[in-house]
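Shared chain: chain A. Partners: chain B in the first complex, chain C in the second.
Up next, the complex of A and B:
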């Protein structure tokens, strides 16, 4: 297994390099980061434009620029940002923590809800519960994540207004006075800020995952070995938990691992709407400023996360299904 | 930074007296509250007594870009707004779009003591000090001069060297409290009030790098950009900063002017415009000047306890023609195009959707808020949607296929390419409307977007293009730069020796502002008759504040509303 994981990781390196170069080139060619400077009124001195061109390495060709950037990354330096006071590496690290907290909690919520409703829907196929969760699943599947986020914000504002409290927050990760709060106050503040974006992000994944879980459960429930297990006298609960659920989780693990890129994409939108200063903000700001180094750093990180989750999924297959072993 | 207390006190007293004499309903103070009167009294609207304490959470759409607001990557509006309470200046952009004198920093209006060489004398207040107690002196003026003139420090990138590049010297006397700035002989800089608008502390620069050498100057100048200021020369100073989240400012204990009422100002970075209204409703922000759109303005209009104002800003949209294009070299075609375009129709489809008072702009140098604004466009017939008149011009000039498939007198089919910035909805709508108009003349116009506007303009890769310029209270340098024959920003290559001569004489005469402005208008009228640039409209400026905050006012200049943060406060009568 260890050798397999190492092989997978080594194989990912050329993929990452090619993908990061393409991303780098696309961003570099998509806009001129010095455009605001060039269009100033009164104009910036030519020497200033020259200095900025040199600082950002814009006078090199795209291959040389990418080479410098990659060499820097290998040495822990993500290069100069269009905004001189902006430390790309430090921001990647800080933003990752913010986003991963959101993504982790949202994924956990979505998985728990998806497994629960998927199992119950399958076990009680064509019941009122099944019809209700099916309907809701399709509703959430059809809704764009930004729309769900806006509806949730509207609900939050109305709730706070009606109760005269501030239970839910619509912008940011914490309040302005966070540092002055007690331990419980800090917990409540973080929770108040986390709840809406988490629900918003979780609902999208939940909708798809619950459908996968339901389908997988139904397939396993109707298989011969389940009937055999029941015929041999095993309790329904034991059959369900030990034989059906474990097998039916394999497709969900695959989907979850593959969906991580989509979830990160969803997080970009969710973070934007709820004004979280995470990876989503970093990407959008980088693209709007034509900040090639920042965007390339972001994409490299996203690529690493996707590869890591795919490897984790492979490992989980083996854990869930004893028939699968990676030699 | 600051609209000073002394000036405001006189103005408010006058207004109070007038309103009291008029015997109007309500107390005089109540009549000054809110933004309703800002159109007529931009310097004194929303004036009120404050009570001590309170926090203002101010919405900002962008993060701090650099701590050096005039460094190579400086010149960002949001950064200037957030740093407005820290950085001392002699003049700032006031809400009436004129230069406002910072009477906290200087004893009196700086004097032009000589015209050749042009010499300006500034007298700094004796009590003016940085937050560490070091006096603000001529050294700080001299540091700005040497860092920005591009000669003493070639590697000090600056967002603008205008004026500094023709200054010869900056000398301090009276213990550094009198500053004499002398220009090079024969050089005139009518926009001298734009100088020393952002003063950085020279004593801190010295600590960062040897200020006697170009390398040392560059080191300190760059350090100002990368280092969060622990210093202040204004009413507030930075308490904390969380990148991408918020900048927290508290009163500067060494501030010598009017003591701020607020305990804290928090600039909350909110990059998603749609978050503005919910956050305002939810009490997470108290004020802001976001980029407006129809949804936002409509929602704000329906809120209780909120002051808001939509008005014209200093940024203005226009359509430029490339006079090097083989078709557009012909003045008759240009005249026909400009006459046929429906500027009011464009406004109705764009900015007019949320700003009902929007009108066509009729000047290339001034907006209607300026006392020098003069209509130089109407007489040319441009922008009036006069398709029939345009057809007559073309027919008279020998064009054929007018209204069907336009051909030049030599028989060549007229085709044009209109460019606009990718993703800009208003400009896309403008392009489509112009396309439909030109079709009525028989012109086949294609639309092509660009995501590199600067490069497109620089290379002249357009026949027609729509974009915006931003005016400033210091208008001479802008006029010369935008319309001068030899200017790099004359992207359409317009040449009119007569207009150029008048423009130059206007700049030369600029020390007499009214005379200089009149000459600029004369040059502008000549340009309008050449049908080169068609002004469309001012972009809207939007200011919103909870009504329990007073003395906060809309300011469409690049200084922004934070020019008087020491006066901001919670209304004394508010519950």
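Up next, the complex of A and C:
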């Protein structure tokens, strides 16, 4: 199993390199970071522009620039930012802690809810519960993530105002006085700020995943080996948990791994609504400055996360499906 | 004289064509049929509505920040725009972009997937690794990075091209999967044994059988396209004023959700209505194209 994971990670290296080159080239070729400087009124002195061009290495061709950048990244240096005081590496590290926290919790919530509703609506197919959750699933699937987030935020603000309390935090990833809180206070503060963004981010994945879980459950429930297990006299509960659920989780693992990139994208939007200072703001700032190094570093990190999740998914397959052995 | 029994002509049962059966099965899916009607009404609202409605989306009336009324069914905004006229225009632009995304994604993705699936081997490996590469990157982030640089002057088609170029890998995976399993099936083997060439197999056997999956995926791509455009416009890198789209309308009115909710909710409800109906239509099509689907729905 360990050897398999190592092999998978090595196989992912070319994918990551090509993906990061594509990302780098796209950003580098689509915009000029010195445009604001050149269009400034009064115009910036030619010497300044020349120095900036040199500092950012804009003279080189795209392959040399990418090679230089990649070499730096491998040595822990994410390159110069358009804003010379901006430390790309440090910002990536700080923001990813903030954002991945949100992504993990939201995924966990979405998975638990999806499995629960998927199982219940398959076992009670065509019941009121099944119809209600199916319809709600379709509705959530049709909602833009920022729309859900804004509506939730509005309800929270109204509730806070009506009760004169701050039950729900609607702005930022932590409170202003975060640094002065006790260890437990810090945890509670982070958790409190996570509630609304997590729900908004989780609802969309939940909608899709519960549909998959329901379909997978139905397929297994109607299979011959489940009938056999029942015929052998196993209890319904035992059949359901050991035979049906375990098999029916496999498609969900695939879908979850496939959706990681989309969830990261969704987190960018959710964070924007709740004024978080995480990967979302970092991406949008980098994008607005045409900051190639920052955006490419961001996308490289995103690619790493996506690949890591796919490897985890492959390991989970082996755990769930005894026919799969990674050796 | 032997009397022959009168030969009664067999009761004429005309063979149903494939498309007739698909249509019959689709019509049984009530949610899908209702959704199709609703969707067509939205299309009419967006494209015929502006011809009949008093105001255009650029008109500035004297009614500022009015809640919904008979003169302004969806209310007005701070500078007097009629929200219904704006929603009509926004729906037009959003639909146009979503359809273009679906078209680009489906054509590119189907070709890519079909070629990879048919040729297998080294080409398949290479082509699918390219798909992996694109799927590794969050669509919204890449689209935002490119769109923010104002490539193509943020025209509606530039947004469609960017999102379409990031959508086709999903389609190609589906189509490749279908082609891979089809090419191994007995009826393809039988056709080959009867002497059918590659072209005939592709045109008469593979494509008609993959058409269902392609149609369903294309339909669902419209829904993701609507949501993708909305997300880009929300981040400020999609459709730009003075033009408008549903995503942009929700975005610029996000702070009005508490004080002038009509500005925020009407365009948002249209996004949801379009995505919801498209998803139901896709669901109905999936069932309709599935030949194993014989169960009569309750």
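By definition in this document, the second predicted complex is superposed on the first by the 318 of 327 C-alpha atoms of A that agree within 3 Å, B and C clash if a C-alpha of one lies under 4 Å from a C-alpha of the other, contacts with A are read in each partner's own complex, and residues count from 1 in each chain.
The rule is simple: a contact is a pair of C-beta atoms (placed from the backbone, for glycine too) under 8 Å apart; a residue touches a chain by one contact, two chains touch by 3 or more.
Here the structure is a predicted model, which means the values were calculated and not measured.
Q: Does the superposition put A:63 against chain B (first), chain C (second), both, or neither?
A: In the superposition, A:63 contacts neither chain B nor chain C.
Q: Of the partners chain B and chain C, which touch A:187 in the superposed model: first, second, both, neither?
A: neither
Q: I'd like to know which partner A:131 touches here: chain B for first, chain C for second, both or neither.
A: Touch status of A:131: no partner.
Q: Quick check for you: in the superposed arrangement, does A:104 touch first (chain B), second (chain C), both or neither?
A: A:104: touches no partner chain.
Q: Under the stated touch criterion, which partner chain does A:173 make contact with: chain B (first), chain C (second), both, or neither?
A: first
Q: Just chain B (first), just chain C (second), both, or neither: which does A:225 touch?
A: neither
Q: Under the stated touch criterion, which partner chain does A:236 make contact with: chain B (first), chain C (second), both, or neither?
A: In the superposed model, A:236 contacts neither chain B nor chain C.
Q: Taking the superposition on A as described, I'd like to know which of chain B and chain C A:52 touches: first, second, both or neither.
A: first
Q: On the A-aligned overlay, A:30 touches which partner chain: chain B = first, chain C = second, or both, or neither?
A: In the superposed model, A:30 contacts both chain B and chain C.
Q: If I apply the document's touch criterion, which positions on chain A are contacted by chain B in one structure and by chain C in the other?
A: Touching chain B and chain C on chain A: residues 30-31, 150, 154, 157, 272-273, 284.
Q: So in the complex, the part of chain B that touches chain A is made up of which residues?
A: 55, 57, 63-67, 71-73, 75, 150, 154-155, 157-162, 165, 222, 225-226, 242-246, 248, 266, 268-272, 274-275, 278-279, 281-285, 451-455, 457-458, 469-472, 477-478, 481-482, 488-489
Q: State the interface residues of chain C toward chain A in the complex, per the touch definition above.
A: Within the complex, chain C contacts chain A at residues 129, 132-142, 144-146, 148-151, 223, 227, 230-231, 234-235, 237, 247, 250-251, 254, 257-258, 264, 268, 271-276, 279-280, 298.
Q: Write out the stretch or stretches of chain A touching chain B in their complex.
A: Touching chain B from chain A are residues 30-32, 34-45, 47-48, 51-52, 55, 82-86, 91, 94, 150, 153-154, 156-157, 160-161, 166, 168-173, 176, 272-275, 277, 281-282, 284-285.
Q: Which part of chain A faces chain C closely enough to touch in the complex?
A: 14-16, 18-19, 22-23, 26-27, 30-31, 126, 138-139, 141-147, 150-151, 154, 157-158, 258, 261-262, 264-266, 268-269, 272-273, 283-284, 286-288, 290, 295, 298-299, 302-303, 306-307
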